[in-house]
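There are two complexes below, and they share subunit A, which is joined by subunit B in the first and by subunit C in the second.
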Partner chain A sequence: MKRTLFNNRLLPWLLLAPQLAITFIFFLWPATQAIIQSFLRQDAFGLSTNFVGLANYRALMNSAQYMNSLQVTAVFAISVTVFSLLIALVMALAVDRMIRSARTYTTLLVWPYAVAPAVAGILWWFIFNPTIGILPYLLDMVGYNWNHLSSKRDAMTLVVVASVWKQISYNFLFFVAGLQAIPASLREAAAIDGAGPVRRFFDITFPLLSPTTFFLLVVNIVYAMFDTFAVIDATTQGGPAQATNILVYKVYFDGFIGQSMGSSSAQSVVLMAIVITLTVIQFRWIEKKVQY
Partner chain B sequence: MAQINLSGVGKVYAGGSRAVGNVDIDIQDGEFIVLVGPSGCGKSTLLRMVAGLESITEGEVRIAGRVVNEVEPADRDIAMVFQNYALYPHMTVRQNLAYGLKNRGTPRAEIDRRVAEVAQILQIGDYLDRKPRALSGGQRQRVAMGRAIVREPAAFLFDEPLSNLDAKLRATMRLEIKDLQRRLGTTSIYVTHDQLEAMTLADRLVVLNGGRIEQIGTPLDVYRKPASAFVAGFIGSPAMNLLPAHAVPHLPGSAHAGLVGIRPEDLKPSDSGQIAMQVRAIEELGVSRLVHGMVGDQLLTVSLSNQYPLGETLHLAAEPGAVHLFDAESGQRIEAH
Partner chain C sequence: MIENRPFLNILAHLTLILGVAAVALPVWVAFVASTHPVSSLISGTVPLLPGPDLVKNYSRMLSSGVSTMGTPPVGLMMMNSLIMALAIAIGKIAISMTSAFAIVYFRFRFRMLAFWCIFITMMLPVEVRIVPTFKVVADLGMLNSYAGLSIPLIASATATFLFRQVFLTIPDELTEAARIDGAGPMKFFRDILLPLSRTNMAALFVILFIYGWNQYLWPLLITTDSSYYTIVAGIKRMADSVDGVPQWNLVMATAILAMLPPVLVVIFMQRLFVKGLVETEK
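After this line comes the complex of A and B, so read on.
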């Protein structure tokens, strides 16, 4: 490996500056603010601010609503991650088998990723709308009365479907690339070694795809925990009866609608801690197993 | 142990382009056949058709008397060694060797016995529990061979197995492959673009060009009596000189032929020599020298032991019987009368 050496000490910092500035202004500074605010309490008129220690956190742990939100988030994140990975993998495998039209399918399947989350939310809001939506109309024909405005299960289904649909494209692209990186000769060797298509998948393809799968697992959990905010906001807004009020939406709702800055900050710190913990666990435990 | 017969075998892709046409080869039990030709000549396609990795669109492939056109690769009783070895990177050497046996439901004890035996033959016992990435190129090559041997198949198929190795290792592995094949007596088809590998390994050579067979024969036969101008130019290093007959009118038989071929080592300096060559460049090979020069407007290469100054005119004579004649249009060999 040949290394290029720059004698200018300023240049590297200059090149890094834009990214560092973005990281600082949009990530580090707000995060610090959130941590500081989570220890404070303001009165209703914003006239005085007191240091209250861990009171905001204690209040959270004793809040039934917050515990509900944790549970909702877990169900939501696991469903979104599992379904979006599974569906994307099946699609990638199907495209990998195609010879002539693979490119066309790949292009078409990537389109949903280009749709803004809020737009996707609106799209699903229309499709699922109990009064004017096409899906409730179709479901009504088979005798199912769809109403995500009153049914908790319907609401959860709606936000999961909308979020999964949005993320499939991304996962699909990575799976296709991962599959193409596996030399054809490996599968051919396995075929000669007497492994049928199903066995080839589980013995050869899936293990060799595991680094991709692992990466996507981390990305999808983070996606489900943070980036699905717009989907929730455009469709259910956390309802009905808190059924889809995931942590990130609750942070926004309590902070910006409920104006309870201290509690909202404490929630965002907890959310941050949860995601950091999950990511660390994933890297510690799972990454070891996917190396080959 | 098996005969392999190819009759009228051809491959036309869905788009209509033809890769291989009308190939007939009868391979005897235990024979080592080398398919050799330039890249794109269809040799790999042909091998993959025998392996079952490529569909056969024309003709018939028979292994041990059974037509295998529609038989799955796994059920053809063959083993293949790939150019990139195709070792399963997430499995240890032992698991790599055992995989094919495991899939066929071989009892555990039998697998262990065979893996140990193969490990001993190939001297890979020390790294049975390593993963492929921890092995050198030569070791990976051995494991790939081991995976083929361990199944005790009716035939080995080799797809340019040595082309990823450096020159020295390639020469060693060449000997090992030949030796192993002799000891096991397993019918083998070996694909290469390297004519030296082809010459040294083959019981019989199949020279392919443009998807068709140019010549089948023992290495010496092919070397001594190339069936076409293509074979003459492809087999042998340095390559045979191929000159239009009018450039060397004095050579015997050149009046009847379009092309005249003479190997560089079959030309000797002689005062009565009728080929006058002006020396243009000399390549030192140590054991001999390659002298390149011009005969009229034609390039000629001669293998000589002496040094000659550039620009000097050499008079060369061809060894009797060393002149090959080819038809100008078809390129086919013409026997001298």
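After this line comes the complex of A and C, so read on.
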């Protein structure tokens, strides 16, 4: 809190005006529209609009496609989160041992952060291309016939790999920062007491890293649920047979291509509720850390 | 390192080398593909070493593009991406700084309400409210314009919070001294707050530039006129049109060009980048 302030009635509003204007026009107004729309239904010709209460939501809950999309999203988000966190943690632990080469390895590992998700999708799409890709060729030698255009599991693997590849760098940087924040004296004391590297990791490093891990867990779930839109659109476009149609892709698909506004709006509202929950969890965690 | 364990050191090096190689693999493959003539990419497997057509493929994409792909020259798309990324980064920093200044240094009615309005933008990612937002932008006649590409994306709760934190750490004595010397609020903002938050601005700029450059869904929806295509959104249109004769060498050249500017920013401004990343997430 500032003790010294400026007195002016108009100026603070002028300063806030651009931010608030954009927030109202492009955030709050559309979000309100989505909420209102989610209670309405248009007839087939767009001539009349009726208030239908919760019917759109009920239709959503009864829709096998939506339930499938929920399931797909869960599988996708958990896979992306677990794999990108695990790989990043292993890399961070390895870099933490390095003295002279730490910086070089870090540079060589962090740059994928800057690659657009859409471009990451295109790169892996090419590598996994069933006719000329390298990985299907290698997989063929061990007897696996890769085809993400027809196999649901292959398509899911493709989007998970592309999304994990993009996210490792981010998690890696936060794990490295977390590891550096652990006092060396703790690990030294444990080493003197005879604890080996594995024991030290599970008894000291990992527990002290848990705030970082929890924070990354939330961030990664948000990433997997929302920021991977471009990965999906650039590769599988939700297919084959809805196998990679995650919630955020379905909102877009139903709204723009399917033109079913009521359903798409109800889906938007459900997604907003999910983001709000995740953001609240994230901020509660930060409060906890401040008290630490 | 706590004790000398040569075996673990070798293991760590091996893990890292493997990791670096795995991370680099898709980009290497794309780069190699982009240096070959299209004939070596039609059947069989992709070659693993660069071919002879590096200059030819890249100069062709940059200057003229491929008419059948429905996208303008990559040079133009990169210019559009640059304009969008700069407008988003600078716009976000500018409006967030003034908002944070208002919230920290003034007491006025509905201050908390304004704060919460800004906060809520964090919870409404564009993917979630895409249909109604598109409608608003269409109604305002902002489709196919640089304003439409950038303005709807420049509200920023994270940047506002970051500057709020920075301003809160600036000692009150400075404000008092400035007031005694007769400086008004805007002079204080310009001569004291701006210079003191220069490194934060730079760090944030790096992150926001990458964010802006990598926008995908938004430019894809609101640009139908190909002269406004950005490269990240344009590459998708290219890949879509390759189903006839797949010109993978040209698509991959575009992919490399699309990732080059932000990747260079990360590599050469690594310290600012790490600072920005860690700060914006707090």
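The definition used in the following text is that the second predicted complex is superposed on the first by the 240 of 292 C-alpha atoms of A that agree within 3 Å, B and C clash if a C-alpha of one lies under 4 Å from a C-alpha of the other, contacts with A are read in each partner's own complex, and residues count from 1 in each chain.
In this section, a residue touches a chain if its C-beta (ideal position, glycine included) is under 8 Å from a C-beta of that chain, and two chains touch if they have at least 3 such contacts.
Small disclaimer: the values here were computed from a predicted structure and weren't measured.
Legend: residue contacts after superposition of the two complexes on their common chain; A:Ser185 is shown touching subunit B, with no touch to subunit C.
Between subunit B and subunit C, C touches the greater number of residues of subunit A. By the touch criterion stated above, A:Phe201 is placed in contact with neither subunit B nor subunit C. In the overlay built on the shared chain, the residue A:Asp193 is in contact with subunit B alone; subunit C does not reach it.
When the two complexes are laid over each other on chain A, subunit A has residues 188, 191 in contact with both subunit B and subunit C.
Subunit A contributes residues 2-9, 11-13, 15-16, 18-20, 22-31, 33-34, 37, 87, 90-91, 93-95, 97-99, 101, 105-120, 122-127, 129, 131-134, 137, 165, 168-170, 173-174, 177, 184, 187-188, 191, 197, 200, 215, 219, 226, 229-230, 233-234, 248, 251-252, 255-256, 261, 264-265, 268, 271-272, 275-276, 279, 286 to its touches with subunit C in the complex.
Those residues of subunit C lying in contact with subunit A across their complex are 1-3, 5, 8-9, 11-13, 15-16, 19-20, 23-27, 29-30, 33, 41-46, 48, 94-96, 98-99, 101-108, 111, 114, 117-118, 120-125, 127-137, 140, 151-152, 154-156, 160, 168, 172, 175-176, 179, 184-186, 188, 210, 213-214, 216-217, 220-221, 232-233, 235-236, 239, 248, 251-252, 255, 258-259, 262-263, 265-267, 270, 273-274, 277-278, 281-282.
Of all residues in subunit B, those touching subunit A in their complex are 51-53, 72-74, 78-80, 82-84, 86, 88-90, 99-100, 103-104, 131, 133, 147, 151.
Per the touch definition, subunit A reaches subunit B in the complex via residues 183, 185-186, 188-196, 199, 203-204, 207-208, 292.
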